[in-house]
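What follows is chain A paired twice: with chain B in the first complex and chain C in the second.
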Partner chain A sequence: MTSIILLSVFGILNLFLGFMKSKKALLPLVLLFLLVVLGATVYDWGQNKTFFNNMLAVDNYTVGFTAVMVLSTIFILPFSRRYVVGEEANLAEYYSLLIFSLVGGVMMVGYENLLMLFLGIEIMSIPMYVLAGADKRNILSNEAAMKYFLMGSFFTGVILFGMALIYGATGHFYLVDIANVANNIDPNMAPLLLMGILLVLIGITFKIGAAPFHFWTPDVYEGTPTLFTGYMSTVVKTAGIAAFYKLMNVAFPAVYQEWFPTVVAITVLTLLVGNIGAVAQTSMKRMLAYSSISHAGYLMIALTAFNDRSENAILFYSLAYGVATIAAFGVLKYVADERGSDDYSSFNGLGKTNPLLAFVMTVSMLSLAGIPLTGGFFGKLFLFSAALEKDMLWLIVVAVLMSAVGIYYYFRVIIAMYMREPVGARVAVDPFAAFTLISLVVLTVLMGVVPGLFSDLL
Partner chain B sequence: MNEIPEVIRTIPLNLYLYFSTALFIIGVIGVLTRRNAIIIFMCVELMLNSVNLLLTAFSAYRSDPNGQIFVFFIMAVAAAEVAVGLAIIVMIYRNLRTTDINFLNKLKW
Partner chain C sequence: MLTAFLILWPALAALLVLLVKGQSAKKVAFGAALLELVVGVWAWINFNPTLSSPQFLLNEPWVASAGIAFKVGMDGISLLMVLLTVFLVPLIILASFKNDYEKPSSFFALILFMQTGLVGVFTALDAFLFYFFWEVALIPIYFIAALWGGADRIRVTFKFFIYTVFGSLFMLAAFVYLYFQTPGTHSSEEVAFYQLVLDSGTQSWLFWFLFIAFAIKMPVFPFHTWQPDTYTEAPAAGTMLLSGIMLKMGIYGALRWLLPVVPLGVSQWADVALVLAIIGIIYGAIIAIRQHDMKRVVAFSSISHVGLIAAGLFTLNEQGLQGVMIQMLSHGVNVVGLFFIIDIIQRRLGTREIAAMGGITQNAPFMTVCFMVLMLGAVALPLTNGFVGEFLLLMGVFRYEAWMGAVAGITIILGAVYMLRMFQRVMFGEKNEITQAFTDLTFTEKAVLVPLVVMVFWIGLHPNTFLSISEPAILNLLEVIKR
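Our next item is the complex of A and B:
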């Protein structure tokens, strides 16, 4: 709750900071402020409070996911130093929009009422529509903004219709009350409730970019300026999966048998589409988009497992995936800016020209592929062990096979960096971004060596 | 809101449900088939309005104001979405001189 207030106030203040002559102070100020928010968030640890007539809750679940999202944003922002699209004029506005979007994310993990879920989704999405089109004169960015906006508002309508049906069937918007009514639902109302759950499920599946509603992801990720793609694929996805799990866990455990087959089907389909789609790509950015689809599939394994290990597994995986993805997008941004293309070939010989960038990219690719000694390995391990507890061995087999496919396309980048001849000069990286990249690597390795630090928080 | 107003009760609840669903489906079909960004956008608004109607009907029949409060929020958020959406459409128009989404085909696998 403190984080929502702080973020909203600072977002507005930050707009005024845009009037300053010197834009150099902007980034340190925003980072300093986000660190304050992170502190205020973590300070709420271990307390159970509710706000706004119990519509928003602050508990460990909320605090954990809020901290992951704020931390991800802190790691993304340093790459904006040489700015997203070349002109520095609107930097303050972009920071503000990111912060406002973060407010929506916090609401999405803390909601106790469907109204707050809806507001959270919208507050998070509307700034992202703008940021997808941040590169105003670039037709690709325009197209990404348009596609994201039309699809996003369409699926908002679907979510809303679902919520209206749930309200019609149960007469409540509060998750706890819905759960009570759903426990012994009037048979006449049951179809209404199930239809409502299905529609809300479809809408949230769209937001986290899981198949079969993933079709927007590659296009939007490719057209959006890389900085904001990094944000979309980490913070937006974390908020989406946290909201999804909370909805199913608090409101609809009673009708588990009904929604379980749908969620399993979506999980398997997402794993297949994400991993097999990524193999066919020649553009690194599109590969990362498909990889983010496949990671949505891994995260949904915890949802299908649906036991007391799921929350921790989702939290750990979100952090491990977020850290590795941000590092990958950070390196991609610098390489693509310098060499003018985000194809695999622009990474050729990076190991010779920029050993640091190549090393960071290697570690993050290893983590995404789930190789031991990185955070991604334990992330997958926790997800799979949660599923194993539910005796879903076949699902784990599918997921492991798909991870093997993943190794193929993640290693293509590593091979390009170390085995091919350089295609261009050294890529310039400012020291602060280099420092951020190194801390991301340290965090990834730390999660892979002592996972106990992060694994049993909730 | 303790009693359901007589006027509302003259029409049974399931008719409201059918009507809203029909409106919603018309909106969905419009989004899927039309090619002009502004018309697609209008169809999305139609979907949102069908939700508003449904929520109001449920709310009135249950004598529970929560649903109607929700409608206010939907309206406010839809207005914010319109502001952003029209800005994006204007941005596209300046670059392409059209709002036909068939011209948006640069991003493809």
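Our next item is the complex of A and C:
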């Protein structure tokens, strides 16, 4: 709750900071804000409080995922030091929009009531529609904003429709009450409830970019300024999957048998589409878009497993995936800005011209591919463990095969960086961004060597 | 603590080496590897060879709530593998002294970093820890081969990497499955896996999940297709690491995590595995005869030799398994020596084509002696190390199934054909304009080859030094398998 208040206040304050003369002070101030928010969030650890007539809960689940989201934002922002989209004029507004979006994220992980979930989704999405089009003069950015907005609003409608059906079937908006009614649902109402669940499920699937509702992802990711793409594929996704899991875990455990086949089908399809789609890409940014689809698939494995390991697995994986992805987007931003293209080929020879950037990218790719010594390995291990505890061996076989495919496209970047001749001069990186990149690497390796620190928080 | 030091010191030293600029990196790396050797020998001295249980144990919680431990220790099997590693790595570093690689500090740091992974694999007593080190060893060798390798390195090493990771992911899945079969709060420790009683249907598929990972690493026919190209394209040090030590990870893995964990699966599939291994023996040898490139001859000969070791694994009798142990050491020593000699020749002549050479003996008598000893070790002449290993292995296979032993025995004849043929064409005959100016070994090169030659005779003349280390552990392993 404190985090929602603080974020809202800081967001508005920040708008006024835009009038300041010294634009240089903006980023440090925002980061300071966010650190305060992070501190306030973590301070709530171990308490179980509810607010707004029990519509919002602050428990460890909320705190954990909020912390991951705020931390991710803190890691993303330093890359905006030089510029966001080529002009510095609107920086304050962009920062504010990100902060407002975070407010929605907090609501999405803390909700106890479907209305709160809906509000959270909207508050999170609307700033993102704007930020997708932040690069006003770029036609691709315009296209991204348009596509994201149209598709996003449509699927918000689907979610709302689903919630209405659930309300119709159960007479409640509170998750706990819904669960009680769903436990012994009137057979006449059962189809209504299941239809409602299906529609909400489809809507959230869209938000986290899982197949078959993933079609917007590559185009939107490609057009959106890289900084915000990083935010979209980490923070938005974390909020989405956390909300998804909470909904199923609190409201609908009784009808697990009914929604399980749908979720499994989505999971497998997402793994296939994400990984196989990524292989064919020539643009690094589009590859990362498909890779984010595939990681949505891995995260959903925990949802299909649906046991006491799932929560921790999702949290760990979200953090590991977020950290690695932000590092990848960070490096991509600098390289693409300098070399004018986000194709694989613009990474050629980066190992020679910028050993640091290449190293960061390598660690990040290894983590995304799930190779030991990185957080991504334990992330995958925990997810697979959750599923195997449920004896879903065949699902793990699919996931293993797809991980092997993943290695193929992640390593193409490494090969380009170290084994091809440089295509351009050294890429300039400001020291603060370099420091952030190094911190991300340290965190990734830390998660890969002493996973115990992060693995059992919930 | 000793084990932990052996694991962590090379990684630490790798970081130190990274800080060193220029050509002095190799000296620092060599020093670090020597220290590791000294500590390894110290462990050997303090090792009690009568015990079958792991010694120098370190057991710290790693992911405490999940029951995953950082548990390392050495029984006789582990100790032999660790000794092989700490013995070969300094020699491999020394062997690379004369090659002017770009970015020497990265190159030598990667070698040391790989040593951490290797020692970790050989000492890990927790399945997930084992997997962790298994992959940790893979990353540096990929970069060594891909950055400093030959012309076609990108494609070849990529194939190698994907192939091996693909296999090991199945091993990981099997480990997670086994982990959930352990009682209580679950444990991934070796002993917990050894106590599992699974029905034979489950063990049957678990066998393949595990076997594929190990078979790709060794490699056993038909999973060998990455090997010849990777050995050929990798730089000399990379080839030595791959063939001398890394290949043993697969065999060791099968010994530790396949045979005792799914004994029923092994008994169901042992015949298939043995036949595959024996096909590999003959297949590798026949292809080796047809090669024109020295490096490829030794690469295919390695498939043949490893086939025999793999066959020994599945005999499940004492001779077979002890043969596996001694032959792992012998093969490591011989193949590293042979690849080094090939590298020396290539550095001087700029080619590895057998047809282009001849008459090197006249210029380089010292090298001829070393080459001959190593070559005779590889063809298993009595008094050399290869003889002891192959004899035990063939005896083991023979006891398992007589006709298999007979077919596998052809390896000795075929081995003599390709090795002697290569040796004769390269070393004897008339000098030509390419080999005219060949010079004999330098001091550094002698410093690498002499210890290897000494080892060939040591293992050949007094194998008991090493067999007695592994014997209690092997007998204990057989007990576990027969449970």
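Everything that follows uses one rule, which is that the second predicted complex is superposed on the first by the 458 of 458 C-alpha atoms of A that agree within 3 Å, B and C clash if a C-alpha of one lies under 4 Å from a C-alpha of the other, contacts with A are read in each partner's own complex, and residues count from 1 in each chain.
Rule of thumb we're sticking to: a residue touches a chain if its C-beta (ideal position, glycine included) is under 8 Å from a C-beta of that chain, and two chains touch if they have at least 3 such contacts.
Just so we're clear, the structure is a prediction, and the values are computed from it rather than from any experiment.
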item	value
Fit-or-clash call for chain B and chain C when the two complexes are aligned on chain A	fit
Touched partner set for A:Ile438, first chain B, second chain C, both or neither	neither
Partner chain(s) touched by A:Glu122 [first = chain B, second = chain C, both, neither]	first
First (chain B), second (chain C), both or neither touched by A:Leu388	second
Touched partner set for A:Ala280, first chain B, second chain C, both or neither	first
In the superposition, chain B vs chain C on chain A residues touched	B
Chain A-centred angle between chain C and chain B, computed on Cα centres after superposition, in steps of 10 °	150
Contacts of A:Leu356 with chain B and chain C, given as first, second, both or neither	neither
Which of chain B and chain C A:Pro372 touches, first, second, both or neither	second
Contacts of A:Gly452 with chain B and chain C, given as first, second, both or neither	second
Distance in angstrom between the closest Cα atoms of chain C and chain B, superposition on A	26
Touching both chain B and chain C, residues of chain A	none
Partner chain A, residues of chain C touching it in the complex	61-66, 128, 131-136, 138-139, 143, 146-147, 153-154, 158, 161-162, 165-166, 169-170, 172-173, 176-177, 179-180
In the complex, chain B residues that touch chain A	17, 20, 24, 27-28, 31, 37, 40-41, 44, 47-48, 50-51, 54-55, 58-59, 62, 64, 66-67, 69-70, 73-74, 77, 80-81, 84-85, 87-89, 91-92, 95-96, 101, 104, 106-109
List of chain A residues in touch with chain B within their complex	115, 118-119, 122, 126, 129-130, 133, 136-137, 139-140, 142-147, 149-150, 153-154, 156-158, 160-161, 163-165, 167-168, 171-173, 218-219, 222-223, 277, 280-281, 286
Touching residues on chain A, where the partner in the complex is chain C	366, 371-373, 377-378, 381, 384-385, 388-389, 393, 396-397, 400, 403-404, 407-408, 411, 415, 418-419, 450-452, 455-456
